[in-house]
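Structure, as structure tokens:
Per-chain numbering from 1; labels A, B, C and D assigned in written order.
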Amino acid sequence: MIGTQRIRTDLALETTERFEEDNVEIRGVVIDEDYNEEKDIRTTTVKIETENGAKAMGRPQGTYITLEAPNMSVPDDEYHREISKVLAKHIRKLIPKKGELTVLVVGLGNRDITPDCLGPEVISNLRITRHVIREYGVQGMGEDQAHCVSGLVPGVMAQTGMETLEIIKGVVDETKPDVVIAIDALAARSTKRLNRTIQITDTGIHPGSGVGNHRNGLTRETLGVMVIGIGVPTVVDAATIVYDAMAHLLDALDEAEKKEFLDEMITPPLYSMFVTPKDVDETMKRLSYTISEGLNIAFSKV
Amino acid sequence: MIGTQRIRTDLALETTERFEEDNVEIRGVVIDEDYNEEKDIRTTTVKIETENGAKAMGRPQGTYITLEAPNMSVPDDEYHREISKVLAKHIRKLIPKKGELTVLVVGLGNRDITPDCLGPEVISNLRITRHVIREYGVQGMGEDQAHCVSGLVPGVMAQTGMETLEIIKGVVDETKPDVVIAIDALAARSTKRLNRTIQITDTGIHPGSGVGNHRNGLTRETLGVMVIGIGVPTVVDAATIVYDAMAHLLDALDEAEKKEFLDEMITPPLYSMFVTPKDVDETMKRLSYTISEGLNIAFSKV
Amino acid sequence: MIGTQRIRTDLALETTERFEEDNVEIRGVVIDEDYNEEKDIRTTTVKIETENGAKAMGRPQGTYITLEAPNMSVPDDEYHREISKVLAKHIRKLIPKKGELTVLVVGLGNRDITPDCLGPEVISNLRITRHVIREYGVQGMGEDQAHCVSGLVPGVMAQTGMETLEIIKGVVDETKPDVVIAIDALAARSTKRLNRTIQITDTGIHPGSGVGNHRNGLTRETLGVMVIGIGVPTVVDAATIVYDAMAHLLDALDEAEKKEFLDEMITPPLYSMFVTPKDVDETMKRLSYTISEGLNIAFSKV
Amino acid sequence: MIGTQRIRTDLALETTERFEEDNVEIRGVVIDEDYNEEKDIRTTTVKIETENGAKAMGRPQGTYITLEAPNMSVPDDEYHREISKVLAKHIRKLIPKKGELTVLVVGLGNRDITPDCLGPEVISNLRITRHVIREYGVQGMGEDQAHCVSGLVPGVMAQTGMETLEIIKGVVDETKPDVVIAIDALAARSTKRLNRTIQITDTGIHPGSGVGNHRNGLTRETLGVMVIGIGVPTVVDAATIVYDAMAHLLDALDEAEKKEFLDEMITPPLYSMFVTPKDVDETMKRLSYTISEGLNIAFSKV
């Protein structure tokens, strides 16, 4: 299957679509779709249940929930509030049900590159409570019980010289949260999903994912605690755009010819470029707010 | 000539290349090349001298100087200083030789979108003197003679509700500079020119150019004073990338078939997307500094 | 009356307090107070009705409305919504009742200095409609009638080399709005008013006011259209703090001695310093949002 | 000694001045002054050598080097280059002489509050090498030997919910640098030292210091590695300004009366305010660059 390796998407949903195109059913992968017509939100849950499924999908076992809401890029406060609530519901289902939780929210990405600033922006809108609770107890929050929320913007390797994993692992070992929630801007395969889709997964962040291409995953294995990944696709790899445009055209060629042709076509410089919508700055502001509010709602009550 | 309309470049140099490919000579256009081997800077001067040349090139009569310096994206202070000096030399040749000048430097673009922030960043590094000279005279600058430099960041239409031209025209009418220098991020056709090329022109800024696609030009006609445009290509239209990748492939088709095919291929959403290098934030910081210094050198002495 | 000249406040309300302290009644000035206990918002309207009143108050004839809401610096979304509504009500009373209006909102101040960034921040949250209405008509707004709102961030003189007035006058002459609304961070006399007070006035912005100390006013006289000024005190002059602390202490001295003493005490460097709360960044974010929403509500319906 | 507790300064130099005023010599503290007339840089080295000296000075044993350069706030590139070199020389004297070093530079403070953004700004100008050396070896740096430099911007407690110490300790434990260099904006006692003074110390960062008032020190004791603190005073506590202004005036009172008077005078709100120069944004840009260059020079050669 040409392309599973070459053509990158961080959305599990898009990987399943490739199988559907080829009419292939993947054992060990369960897909469930739900469409809320009134709110125009499509929720797709992809569960990778076996090692075989993980191999076929090219990503670890676990649950991947995708919210698609075409109006997410429209500046409608009420609508965004709805999405925040749906997001909060899904987060609550994934986190442990043990009462008060200590949660570390990590905003991945580079705050200076607009399509990569989602993570840092989310942290700046987040209701941080850990320092208040540690100083004054949960009473300081005016509640009987309260989740303890901290936030971190680790920066990217070119700015810090350190792997994001090194920084977060250090902070996790020191502050011992129950769960890490990592927010990241993602790469999609289809331009029509950009800024209109949220993926929530209990598998964390995988190597090679995100706009900035993390080299090491943030997972239960590497961090020692549960990691929930929340991402929005904000860019498409420039190479993907070209690849897609050519695909139909090349149908006549056999796989080997096709591969050779594309290898020549998609030159290395293209791999260091990305495609992003022109109104990305307005959109990032709105989306980061919607996600922060989702988290704020999720952690406002124990 | 398919593509002159469809495929967008803000570099006069790239337009001439298309003619060269087709072995067409354009009357009314004089091209002069110079290569400084030691500094690895290629300077191409395109002079559009007749109305016919302007029509063929799709841009107004005037001089377009392009500096290509492959190392411009490398963080080497000494090298950038050299480029600043070369830039200053070209600016000095274009501006009037009337002694003390009043110069308004305008930083076009959106400061919140990294590949479009070149203009605003240049203004933030610029040595502004107008207010000092108006308050204390040129003696306030410690000189006998001094150019009077002001700077403006008008913002983009989505932020202001006003055409950039409306804002600048208002300020020009009120403050009456001798020359306007407009800095803008440009769209190129070739990814290999991104962030390595500076275009300086005495024709100002044309409608439809720049990352943000100005609807009205900034020219002597619209502003009533000389306008020098300085630009760096920082993005390629997503549609261009695809178009280029397909071009060879389609050589067998005739022009009409080709056009039909591409019209279908390059869907409208792609036209609202751009391609940009992943290290664009570091590069913008460096390039804006290099250009500011070029201006600072150009206006440091009368 | 020592201090009227020396001790600076941009709040008309604080000037009236000084007279009250001295039990002086000012002819030509009418003060009206209203307290909403439920919302804990105190509204004071100071009307300067005669030339004599203007002279005594050291500011032009007109209406100065001050909202004092101690909880304005608390992060309570509902409460801020209430303030936005009250603000909208007062703006609507001041603007002309002529149906559809063209409004230019100007964000004064320096976006890089936290306590001076109120104006630029307000513009970034503002619903800008002028470009949509000019392109698609009011139908483009989905309404039968709509106000036409544009926004401008002129920058400060050290950044532009131009007086703020020059820039705004140019843009007003070019785009001909019915009314200009100028947003600015102000200097107060009392630290307890910082970030908890909004002043709305139909007299515009006066010379010497604002954190950045404008040299020329923005008024109907200078701009040729109605100018509404909206401001929040975010700093106290460092000299004021010292002056106030000493005032009681010096009661024993006569005026001349007092003046001499203070002139010596409050050295020139102190005049170029300001005092601001440590949590000023969070507060600016919230306040700018509250004011933008006030404007958005005021102009959402004709 | 009234005031050692009350009146805050992060500069060891200013603490010694208080003793000088009182003509008190402090045992265990050695002060050495050097004035470079040509460059107009005054270097004062305060060595606290005994436990007694530490107690008297209210800060730990160690070396405190203060560079005072009145022209530091002037935009003169050549002059700043000189200061960078002097700073590099002092850093090199304090760090271990063991050949290649692993250095973690930490930028303390809040990047959104101008006078507190010094640390984050320094990191953004720093030459980061650790990731290159780990990937390609020192050859990747084009050298036989190279220091390994990483950088971290931890944020402040209100943004993260975590103590700065927790974050840095985690990262230090994980990445094991030989030395931590912590950059911070400081509080001074005298407004004339603001933005013109750099303090370098081998004692790290102490509790209660910095504009943001760290609650836990960053020291060899807390982090387990050598910590060098580099700071520039950018604010004066509002309470200090008032205190100083009153001090002379109160000479007649005895200590107890004075204390009572001042306690009443300097009300709590004043303690949460700071005083800072009006041109603080330009100055922060320049100073952070000067310090980054000092570090870049210090670590450019082994």
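Things worth noting here:
As a convention for this text, contacts are C-beta pairs under 8 Å (C-beta built on N, C-alpha and C of every residue); 3 or more make two chains touch, one makes a residue touch a chain.
What you are looking at is a predicted structure, and each value in this text was computed from that prediction instead of being measured.
Counting hops only between chains that touch, chain A reaches chain C in a minimum of 2. Relative to chain B, the chain whose mean Cα position lies farthest away is D. If you average the CA atoms of chain B and of chain D, the two centres end up 43 Å from each other.
Rounded to whole angstrom units, the spacing between the C-alpha centres of chain A and chain B is 37. Averaging Cα coordinates per chain places chain A and chain D 39 Å apart.
Counting partner chains per residue, chain C shows two or more touched chains at residues 158.
Remark: the chains found to touch one another pair up as A-B, A-D, B-C, C-D.
Taken in their complex, chain B has these residues touching chain A: 110, 112-114, 158, 191-192, 211-212, 236, 238, 241-242, 245-246, 249, 265-266, 269-270, 272-282.
Those residues of chain C whose C-beta lies close enough to touch chain B in the complex are 123-124, 128-132, 148-153, 155, 157-163, 166-167, 169-175.
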